[in-house]
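Shared chain: chain A. Partners: chain B in the first complex, chain C in the second.
This part shows the complex of A and B:
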């Protein structure tokens, strides 16, 4: 007995899937935008001379890195409203959970980048009379950030797919939509195959884009 | 007599339990070139790095232009503007061009207008013979060229004194002379300099005074003629013999 593939269902349900893609892109882009900034703040806090700040950043990072994203998503959507009385939309809760998680990972990447800049760079900058904030802004961070473009890029590409986890709280992204269509049409194999292809087609150009960026901004030493 | 530009009194430095500087006293007059020699591990680099507090001294006093720079409220960034430093490994900023490196201090620290900083930068690159390399990144320069850019970068802050920390030690032998030449010219122009080096020829011809460091102390201090011809300490003699042997060897 051979399975009959009916890829026609994909075309029939294309508008639904496209709506899902749009939301996937929106959640990913928004989360990345938040985490790019927040991750840097957490990284700087980790490297700060204030003990309390350092500890808070450390605790934050370890909490979000060492617990499953799935649990964080569920927790933000169901438990946070109970504790704080703040009701977030599915989209907002999903974005909050994903961006908080991503922030922790990006903070570690940034931190690795910052500490990889040699001590001599800092000394040279201090020796011409720069203040610490200037040393960071002008000398250390520009070098650190260009060095971490590849790992940042791979976080971005995997984030893109990780947002599929938000289907558990019914955020209407690609995976959620796919499941609806699959249930609707009794054609899960076709739908999920198509979804894999869609994720691939969306992610691959971004990988290329990241490589291009790195080649462009890489600093030779 | 005028107040010396820099006065160091019983400077001590510990790294953990290691006593690296054990009470160094030195004064440097304006326009003077002081050369510091000594075996590796004698504390000469650490001494130099204490002068702009890249290393934090453990005890002692440092007066720079009559100001106590170890005082609690001392504005370090302010002090460092006036003290130029050149490092063994150049430490140029790799993400900036040669000109960018030289302009960085005036632009960021002094808030100089871009155009003025560029003019100053080109002047200084000319002075170290690298005008044509202005728009090149450090990675494309030879070690000698990088070091000369580093000297220009330090000079751009118009410092009152320049510190040279074994600036030719990391260079290929054939590139050393180009850097020494720049330093020699600076000395002739009257720049106050402290030079930690193994280049005895340079010490002899350019140094006004030579200090010999050994085991965290300045064991000998005087004009190069005296130090190199007729040293008072046996340890100095041993060190000089060692150095001459190295120079004689290929």
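This part shows the complex of A and C:
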């Protein structure tokens, strides 16, 4: 069967798709910013000497890492308002779900980064008379940060793609806009192909950048 | 009323419909298992082509891997289910479309795991084995794979966890797995809080053992 491609619809609806891209970038950037800070708090809680705090952080990371993001998004959007009486906008609910999910992953990355700095260094620093906060600031964190940057990059690329799940609760990001246009124009083949190409063109260079980061910050011991 | 401070939970709705949710669990496990098996095969072929001394094969495999890793799974599913049939004139049943896409998707990730595992065995060992007279196949079987497989296990366990979770996305193309049944049930019973919370518990129950296994494998085989 010969299909008559009709690429004009893509050009006609490009402004709508570009608005979608903008929202995809906005949700991704906002969620990343929140998770970078919140993830550090969870990681420190996970490593703290306080037992209850440690367990709470463990339960949080395991729960968010072991259940699907789709489920979390739907839970925050449909169940949370009934439970709390607080109605969140689609954008707020989506950002809350995605950033909570990302926080759990970043917490594990931070924790791995911190614990990867060998114990011997910590003990040596303590032995020469540094205080614990000094050891953290001068010895552990500078090394941990360089180890954490490449996986943070990977998480960013995943996040960028995962925000497409927010189309399910009608957050007007790229995937949702695509569905609207596809239904509107009766041209799903052209539109969905265009959207796949757009995601590819946006995400692939990012993943090349991440590969560069892995090479740049390779740990040599 | 703005704050419903105390929500009265009614898990009866979940309890009465547990068989329906468990049916969803069964389909989730089926989709996951099929995608894993196909993905392992596709990924291995892609990894070998990517490493083969044949430029066209390298490029083709790299394109497949990058394409599936650089686009959202949701976009791939929607494309296969809503766009592909227009091109081919044949529509796919949801389960076939969902499993097919998920297999190709996870195959791309597994290909990179295979490749990283194979490349992690130092070239010196390969040269040494060739120098003492082993054939290429023997080097692969006796020297490289035994070491590579052990290094592939931890990331593969992580990939399996992701796969169980990602399989929830096939609900969008109406495959009646756990997430799909959960949404039907919460619409019918008007108890989204209980149903979705219970389903969260079910997913956790499915993936947490793998999470423990993955953590163990990481400690056992990747600890420096």
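The criterion applied here is as follows: the second predicted complex is superposed on the first by the 207 of 221 C-alpha atoms of A that agree within 3 Å, B and C clash if a C-alpha of one lies under 4 Å from a C-alpha of the other, contacts with A are read in each partner's own complex, and residues count from 1 in each chain.
Keep this in mind: a contact is a pair of C-beta atoms (placed from the backbone, for glycine too) under 8 Å apart; a residue touches a chain by one contact, two chains touch by 3 or more.
What you see is a predicted model; the values in this text were computed from it and never measured.
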| item | value |
| --- | --- |
| First (chain B), second (chain C), both or neither touched by A:189 | second |
| Partner chain in contact with A:18 - chain B first, chain C second, else both or neither | neither |
| First (chain B), second (chain C), both or neither touched by A:62 | second |
| Which of chain B and chain C A:124 touches, first, second, both or neither | first |
| Partner chain in contact with A:134 - chain B first, chain C second, else both or neither | first |
| Chain B or chain C, by number of chain A residues touched | C |
| First (chain B), second (chain C), both or neither touched by A:143 | first |
| Which of chain B and chain C A:37 touches, first, second, both or neither | neither |
| Shared chain A surface residues [contacts with chain B and with chain C] | 221 |
| Residue ranges of chain A in contact with chain B within the complex | 118, 120-121, 123-131, 134, 138-139, 142-143, 146, 219-221 |
| Chain A contact footprint on chain B (complex, rising order) | 52, 54, 76-78, 80-81, 83-85, 87, 89, 91-95, 104-105, 108-109, 137-140, 150, 153-154, 156-157 |
| Interfacial residue positions of chain C with respect to chain A in the complex | 1-5, 7, 66-67, 69-76, 78-79, 82-83, 86-89, 161, 165-166, 168-169, 171-172, 179, 182-183, 186, 192-193, 196-197, 199-200, 203-204, 207-208, 211, 224 |
| Residues of chain A defined as touching chain C within the complex | 1, 3, 62-63, 65-72, 74-75, 78-79, 82-86, 157, 161-162, 164-165, 167-168, 175, 178-179, 182, 188-189, 192-193, 195-196, 199-200, 203-204, 207, 221 |
